[in-house]
Every structure is written in structure tokens, then in C-alpha cells.
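In the two assemblies presented below, chain A is common to both, partnered first by chain B and then by chain C.
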Partner chain A sequence: MNARSETKVVHGWGSEELPQPDSAGAFRTIHADSLKAGGRRFAMPIHLIGFLLVAPALAIVVLLFIVPLVSSITGAFDVGGAFSLGNFTKAFELYSRDMLFTLTIVLMSSALIGLFSIMIGGYLTLGSNPRAVAILRWIYRWPLFIPFIVVGQILRTFLAKNGLMNNIFIELGLMTPLSAVSFLDWRGIVIAFVWKQTPFVALLLSGAMASIDRSTIEAARNLGANRLRILIEIVLPQVRTTLLVGLILSFVTMMSVLSVPLMINAQSPTMITANMAFRINAYRDYGVANALGLISLLMTSAVAWVYLRQTMREHSR
Partner chain B sequence: MERSIILARLCNKGRGGLSQRGISLNAFLEVVNARVLYGQNEVLKGVNLAVEKGEFVALLGSSGCGKTTLLRSIAGFNTPASGAIRVNGRDVTGLPPDKRGMALVFQSYALWPHMTVDQNIGYGLKLRRMPKATIEARVTEIKRLLGLDALGARKPANLSGGQRQRVALGRALAIQPDILLLDEPLSNLDARIRLTVRHEITALQRRLGITAVHVTHDREEAMVMADRIVILNNGEIAQVGTPEDVYNRPASDFVAAFMGAENLIELSAVTKGDRVEIAAGSFNSAAVASARGRTLSGPLNARFRGESVELSDAGGAILSVQGDGSLRLSGVVEQTSYPGGLWRHVIAVGPAHVIVDSPRSFEIGRRVSIRIPEEALFLFPKQ
Partner chain C sequence: MSARFDWKWIPRGIALGILAFVIFGPLANLLLWTVTERWYFPHVLPLKYGFSFWANVFSPRGNAMSSLGTSVFIATLTVILSLGLAIPAGYALARLRLPFRGLILLALLIPQAFPNLPVYVNIARIFYQYGLNGTILGVVLVHVTHGLVYAVWIATAAFSAIDRELEEAARSMGASALRGFWDVTLPIAAPGLLASAIFVFLESLDEFTGTYFVGAPDVTTLPLLLYTAGAGGNYQIASITALILLVPSIAFMFVVERFLRSDVLSKVGH
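Entry: the complex of A and B
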């Protein structure tokens, strides 16, 4: 039992409800009991019963997740039925700028999302004006409920050269119609991602901030720390794992969004997702699409590895 | 003796009396008629308190009596709806917590888990933009003072409860506050460690000559640690006095019960001159007590502690006035136990039950007589 609860701690986040693969011992004892109760008629080997019980779940995981993933990975190395790196060569030749573009956009958006969610969470936790805090709490979550495609659509009409934003500026006399520029390029994508994902990270972060020991904040206030210092030196270090998790989940989400780049920036360079869709829809070129998919999987894996290393270090402490 | 009774009575009268006392003594920290509201709920109902420089005052009361609220108002985390907080004559009511020259030690210690012991202790100095070398020297000094020398690089998670408590104390002391505020700092410690830490804290406080206000719900802790005890009840001060005062001369029925005189008997009496004459009842003898300025007539609540009375076999004519004028109760032993040292008896005295300790045990069903000396008997008018 002890060993089991320890594994829970090591796995940590989100794994509490899942049956542990290494808890086979627990399964075994349960079935041994039921066998005793039911007599010895079905004297099946215990590990076989255990396997049968997890089989349906395992089958779904294998069929719907592992098989497509493996076929997509092998497909990336398959040119005309033979093993080759040709798809990758082609992918890099055609899309290396787009890969860089994707990585830059997603990293920049993550940084901004982090910054804004720290500001929102910090104000929700430390804000002294109860009315302003209540309004912010009510309003900041709205974008969570808007699908990415709608975000793209809204921002397309808002950020275009003669879109709503420029029209407002022109009406206010802040710029002339001639100097109006379109934001429907990399900036539009960043704005869309930040607008859509900040509430998600801010939700996680403000929850974590609300659950830290309030007196650690008061102790700092008592010694003379102002609100900014409390946020940076007292609150943030206590919730940095949550911030990291939120940013990594956002990173992976943004890596997989197709609608926003298609809506806002259907030109070159664009994001890998748009390229993949293009390879498949225009050329039925699954090979290069798979190669691009594997490359974006490598990017997200790198981030996941950072996260795992961080949590392992925290737990070993 | 005379003086303390007068003081106790003054305090008991509330506002006027206490602020007089506040002025007459050299008050360093003053709370003047502080009222604190949580929504519609009045948590402090006009509290007056004066603390001298270098004094150790305990705020004592059961949970919900407003003692922590009073401490937080002094610290600056609550703003009183009316009234004032003064330090050395200066009004600090509107000042933020860090501008009051006070440091608070929290019940949960509130150590910052991501900082080492050194960083925790030194944080207040860092905020004051002290040079690094000065901070290091002060942190080392504080660690030596509190016996934390070897633990500077540890994080709070790797400290024991007692060590965490000392780090919290060190963090507060590092900024050299004029006033140290302690919010139940011992309640999270093991019973045995608590006893030693009590003495450590008072010794340290005396050595540094620092003014301290300590919140606790533990009567013995307040008695052992404080120069003066402030007993709070339902948002009001019930009594202020030295440990001996509040223990031996409780100003009200509530204070007497709170300070351990839990045995309650109803009597009837008349005051004649400076004598309170207690009438004999079906379970008690007649008795006399000195009035000490009180006029107690009619039904009374009489309270006493189980360990300050004498238990003996019931004699013959116990219900007449005895030579020494002390009160005698007659009852039947219903239950006995041995908590250690003395035998504890539950005795039925008419409809009431009292608990009385005695060096020898009396078997269940025995008729016994309880002699309550005058100084152990606390009389209050029945509400």
C-alpha cells in the first residue's frame, strides 16, 4: 500500500484516478478473493484474468491511438513502399521557414500568455479593489468558451486593413486611412493565440494562487514587501509548476491549431498545421504530411521533456 | 491586593476605566475603543487596551472571542470601523502593516517554502535594502540566538515543527520590531515541545526587552508566559490583570469559569456591612465572606476549583456555621477516577454535580462534606 501511494506521488499530476500499471499486485489480491468466494471451478491463471479485465481498455488505446500513431510515424519514412528519409528532405526543403515560423510564433505566444496570466492571476489574488477583482473574475474566462475557428473569424474582421480596429483608430483621428496596415500576418496569429489561451492558463494559475497559504502573503506584507514583490518573490515561486503545466498544455494546443493560421495567415510563411492540410488536400501527399507531423511531435516532446524533468526534480527534493 | 481589585473593577467597567488606566500607566501600545465589523457581524465591540514598553501581554479567550481579530487590527491587517491604535503616542490606525514597527508570527508560521532558512530570516532586511554583508551578519546572529546555526541552507519542508516555529520567530525578530505579535505560535507544536518553547520565547522576550502581544486559547500558556492577561469574551474585554489577579480574583462569572472554577453551585445571601452572609440551604451550610466593597444579595452563582477545596466524610451537624466561616457542601460520591497525583470525584450536591480532587479516594455512594475556604469561593450575582 505504501509503495502504491508513493508511486502516486511520483506520477503526481492527474494520475490519481487512473489504475496504476504497476499496481498489478492489487488486482491479483482482489481476484484471488473473488476466486475463493466463487469456488475453484474457474481455475484460470490469475494474470490471465487480470489481462482480460484490462483488455477492452487496452484494445481501445491500441486501436485508436497507438496504431494510427505508429502508422503515421512509419508513413513518414515511407517513400513508394521503401524506407527513406526523402519525406523529411522534402519537408525541410519546402517548409523549413514555416517550421521556424511555427516555433517562434508558439514560443512568443506562450511567453505572452504566461505574462498576461500572471498579471490576471496576480490581480485576482492580490488586488485590493473588490469590485475590480469581481469584474475581472467574471470577464476573463469568456474566451475559453469560444472555439478557435470563431476566434480566427472575429479577429479576421477586426484586424484586417479596413477592419474594425483600424476604422476605430481612423475615426478617432489616430491614423489616416493611408497609413492603415493589416495585422493579418504573424501578429494576427499571436494575438489570436494569446487571446484564446490566456484565460486557460490564468484559470489554472489563479486557482493555484488562491490555494497557497494566505498568511505567506501577509507575512511578506508585514515585513514591507509591496504587491509586485509579493507577486514575483512570494506567490509566483509557489505556483511555478502550475504555470509550467499551463504553458506546456497551451503550447501543445497551439501547435495543433489549424483554423487560426488558415483564417488569419493563409500565405507563406505559415504554420506547419496549414502545410500539412495543404499537402494532404492538394497533393494527397501523406508522406510529407506525416514527416511534418513527426517534426511537430518532436517539438511538443521537447517541451514535455522539460516538464517531466522539472517535476521529477521537484519530487526528488 | 487592594489596588489590583480596584484595577480589576475599573477594567471591568469598560471604556472609561480602562483608558484612565491607559493614561495613568506609560502606555507604549494603545488600543482605544476599537470596533471591528465583519459584514454585519460586530467582532470587536469597543476594546480598550494599554500595553507598557517591554511588557508581555497575552490575549486569552475561546475561539471566536475576537482575540485574533484584535491582534490583526493591531498588526494592520484589519482596519477598525472606529477607534484608534497608537504606538508610542503616534496614531497608526491608517498605516499599512509594515509602517507600524511590528512583526507578526503567524499560527501556521507562514514560512516561504521556496526560500531557505537564511532567505526567510533575511527577507525583511532585503526589503529594507540593507547591504548584503549586514544582512548576513544579522541572519547569523539571529540563527545563533535561536539555535538554528546548522540549518541555514535548509528549506522549511525539511525542518521539524519546533525548528519552523523558531525560523518564524527569527524572521520576525530580524527586522528588530518595537512590538512582537504572536498569533497562537505554539498551537501547532507537540505538547512536550510546547512547554519548552513557552519558556524559550519568554526568556528571549525579556532578554531583548521587546514588547509582545501573544494570542492564545490555552489558559496555562497565558499564565506561564505573560506579565498581564487580557481575557476576551464575545468581542469585549472581560478582565485585564496579572496571572495571579485573574486566577484568584476573577471579575466575573465568565472569567471565573474560564480560569478553571468550573464547579457551580447556586446560593442565596444578604450583604450586611462588609460581610456577605450566605444562608444555609438543603445542601450547604451557612457561611460568611468579606464583602470587599460588593453588595451581593439574593440568588448567587458560587464557583470554585476542584483542587482548592477539602473533601471529608460527612460529619453530624455540618449544616451549621463553622468556626472559620467557610462554606460546606454535602453530597454523595457518584464516580471516582485517578488522573494522577490526586483522586478525582464527581459528587452530586443536590441537583448539581461538582468535581473535587482529594489526596485519598472516597468510594462511590459515600456521603461526603466539601469545605470551601473563603479565598477559594467566587461569588457573583446570578444573572
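Entry: the complex of A and C
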């Protein structure tokens, strides 16, 4: 209470007395009330300082991400220095099946990640037994920071036809040796993505669920609603944005991962990330690689657009 | 307080058991492979255990040690550069009224909003012209671009979670702007910034795709060694390398909440 009124006074005093607008202004302009009180005068220098502080980071992103991104787009239309759609014709001829394969895998993984993280987040928020909640909290996060390349290596040995998983199932009598199949195809890729990304989305989601107003949950509980209904009708609508952001980030990540398709399933059909690496390494064919890149950009930009619109809406508040 | 059995533990136990199998089964499999001497079908478990591959990996002739050194060196440089860029940017984004703030945030979000494989392919082509391909600096620059997004996000979240009035109190006692930042804001934000430093370090340590295009074959980091060993069918070497990468990742997972309190975490990406 006291501090607030004091700072207001200080602000009024500061804007009159301090002659250097840059050093002073940098730390002001914050409260809307201080702005009205006279911070307006320092508007320009603050902008300049802010911009100078952001500029180096921005420059790196522009030079090392946006410029190559643009050149990947222009490169896709470049055949021998001239504008052409030849790269796309070739890309569709060779890899149209892989494009469909990629989209299916990524969408299916996203759906499963969403489902599992809602289940995990929901139990962490609404679970009635503290010990079960603690155990779940301890278990589910393990894959969170495990790198994709390690996930690829782990699952390659685990999911193989003679891998540990099938061996255990056979030993337990759940399966006969003859019915054992290798999961190192599209299923392996989906399993790898879901295994690695679910903890990430579940962490974001359970954080968001924990911060919602408990009173609505308690009210619904008092009215006799069961937990599933509370989860679907009360909790989920309030954390929709977080779920969406988490899933979109996962979608983009999965579209960029090279190691998992290379290690789990490099035969056809495979993901277009593996095809791009193959075009470069085997033929130094940047044209078709860039065309494939642009197709993956189009797949994600549809999704990214939703995400950016969401964050922009939140920032404008 | 009688020893009455809670029947709900049956479905709970089954569900948690399945989850534990899904998470720890593959990890146990990795551990088994690191100490396997001989293991083939149809044996459920390895036939012979031993550490001969460990001796191989960590021998002075083995390339794991030099890859580890390269990886740690690159990751350290990446952290220094990323945080050097992210702390001022995060502060400005959290505290100052920037023109085009939305646009700047958008630009800084772009590396997360697009698949980075096509970008790495073209960075490799651009770097080739400047002789940066196959150099440590080239790899560090790629890692910084990737890590910067997280670093800026976490730094912005850490700074915006701090009560402004603390800073203003310092200013009202006559501290200069820079001193207020140095003595008040930075120490409070330190846990969040430390978390972002560790995170950027791990991201760099684990990065495969960019290094594969920009660094290989001259710069061999641990993930590249893991990939080559795995592609050559040498699962023991690959698994030992994977374990070296795994340990810091899991350790970070357990401590991350100490650094990133939920109020900071809830501001990430906002």
C-alpha cells in the first residue's frame, strides 16, 4: 500500500528532476499511471533503448533463420538459375506417398499426445488420492528432456522384432514368438513422437490446470458432477489455449525431427525430413530438397498461423 | 485407521504400472545394452554382461572422449552467446514499452513456428560460402539461433514475473537504473535465467539436425557419434553414448522446478 503511493510520488519527482531521459526512462514508463503522470516525454529514448537491447538477438534470428528460410523458399523455385516448378513436379513424382505418410503420422501423433496429456493433466489436477498423484507426477516426466536422437536409439532396440518389448510379451505368454512383429515402421515413429512429446504438453497443461480457479471445480463437485465431467466441461475449456499452443509446438517439432525417422524407419515410405536429407547427401539436390521443405512449411504454416494469432491476441491484452 | 484395503488401488495400480512399463521399459533396455557383451535372438536377456565396450568408448584412442569435449565446448559457447543476447532482449520485452513489440516477438517466435530442417539445409549452403561449414563457430551459431528462442522466452517470463515495485523501490532510494537492474532485478531473475542457461546447454548438447548439416564430418559431437555408431549397427557404443546424453537431461528434469517456479513457467510463451 505504502510502497505504491510512494513510487507514484517518486515518479512525479523523477520525471521533473532527472535530466538524463535514457537511463531514467529505461526503467520507467511501466505503470500506466506513471505514463500519464509525465513519462510520455521520455517515449522516444525508451523506444530507442528497448530497440537497442533487442536488436542483437533480433539480428541473429533474422540473419540465421529468416534469411535461410527465405532462400529455402526461393530455392524451391530455382532450377539452374531460372524460375521453374520443376522441383515440385519431381518432388510430387518421387515423394507424394511420403508427404501423405508424414502428415498422417504427425496428425495421429498430435491427437494421441493431446489425449494422453489431458488424461495425465486431468488426473494430476483432479485426482483424489495424493499418493497416486505423486507417483504419476514422478513417472510421467522422465522423457521430457531426453533428446530425440536418444529416443530413436532407445526405441530402435526396444521395439524391434527381437527387441526387449516383444521378448517380455512372449515370456509373459501374451504373445507367441511367431506373432511377434517389428514396430519399426510408422508405428515406431508415432510411438517415439508420443513418448517424447506427451510429457512436454502434459507439463504445460497441468501447469495451466493448476492455476485455474479451484472454486468452479469445487462448486461443480458439490453439485454432484463426476470428475470426468468436471474435466471435460469445466477444466478443459479454461486451458484450451495452453493445449493448443503445446500441440502446435509439438507439431512443428515433429515436422523438424530428422533423427527419429532416420533411425527408426529409413525405408520407404518415410517422412519427408528423411527424404530431404537424402536429396542433399546423395545428390546435392538442393532444388527438390527445398521444394520438400516448402511443402513441410506449408503444412506447418497452416498450424502456426493459428498459434501466432492466439499469441498475438494474448499480447495485445 | 484399520488396514482396510482401498479397492481403487487396483485400477490405479494397473494404470500406473502400464505407464511405468511404457516409460521405464525402453530406458531399462538402453541400460541393458550398455553392459551387453553378447545378446541375440531368442534370448530375452543378454547372454554375457561386461564393460568391455565402456573401456573401448573411454579409451584415449576412442573418439567418444573427443566428441564429448567438442560437445561441451560448443554448448558452453552457445550458452554464453545466447544469454548475452537474451538477457537484454528479455528485459526490454518484459519491461519496456517497445514499438512494434508484437512484431519483434513474432520474429523471435518464428524459429519455433517453422520446421527448421529446410533452414539448416540452406544455412549450410550459406555457411559454405563463408568457410563456416565444418567449423566450431558455424555449429555454435546454428545452436545459438535455436537456443535463443527459449532463452528469450524464459528471460522475458522471468523478468515479467518480478514485482515492478521492488525495482521502483530501489530507484526511489536513489539507485541508478543500471544499478537497480544489477542489484535487484537480476538476482531475483537469476533462478529463471539459470534454468534457461541449463536448458540452452542441454539443447546444444543434444542438437543433431543442424550439426549434421553444418558440422559433419569435421565437427563430431556426441549425437553425431551416436548416430554413426547406431547406423553401423554398433548398438553398445550407441547406447553408451546415448546414456552419456541421457543423464544430464534426466537430472535437469528433476531440478527444473526448483529454478522455474510455476509463476515463471506460466508466463513462458506469453
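In this text, the second predicted complex is superposed on the first by the 245 of 317 C-alpha atoms of A that agree within 3 Å, B and C clash if a C-alpha of one lies under 4 Å from a C-alpha of the other, contacts with A are read in each partner's own complex, and residues count from 1 in each chain.
As a convention for this text, contacts are C-beta pairs under 8 Å (C-beta built on N, C-alpha and C of every residue); 3 or more make two chains touch, one makes a residue touch a chain.
Note that the coordinates shown come from a computational prediction; the quantities given were computed from them, not determined experimentally.
Residue contacts after overlaying the shared chain place A:238 against chain B, while chain C stays out of touching range.
Residue contacts after overlaying the shared chain place A:215 against chain B, while chain C stays out of touching range. Touch criterion not met for A:309: it reaches neither chain B nor chain C.
Residue contacts after overlaying the shared chain place A:224 against chain B, while chain C stays out of touching range. Between chain B and chain C, C touches the greater number of residues of chain A.
Under the contact criterion defined above, no residue of chain A touches both chain B in one complex and chain C in the other. Residues 3-4, 6-7, 10-11, 14, 23-24, 26-27, 29-31, 43, 46-47, 49-51, 53-54, 56-58, 60-62, 64-69, 71-72, 75, 129, 132, 135-136, 139-150, 152-158, 162-165, 167-168, 170-171, 177, 195, 207-208, 210-211, 245, 249, 252, 255-259, 262-263, 273, 276-277, 280, 286, 289-290, 292-294, 296-297, 300-301, 304, 307-308, 311-312, 314-316 of chain A are the ones that touch chain C when the two sit in their complex. Contact residues on chain C toward chain A in their complex (touch as defined above): 6, 8-9, 12, 16, 19-20, 22-30, 32-33, 40-44, 85-86, 88-89, 91-93, 95-99, 101-102, 104-123, 125-126, 141-142, 144-145, 148-149, 152, 164-165, 167-169, 171-172, 176-178, 180-181, 202, 205-206, 208-209, 212-213, 223, 226-227, 230-231, 235, 238-239, 242, 245-246, 249-250, 252-253, 256, 262, 265-266, 269-270.
Interface residues of chain A facing chain B in the complex, by the touch rule stated above, are 213, 215-216, 218-225, 229, 233-234, 237-238, 317. Considering their complex, residues 75-77, 96-98, 102-104, 106-108, 110-114, 123-124, 127-128, 155, 157, 171, 175 of chain B touch chain A.
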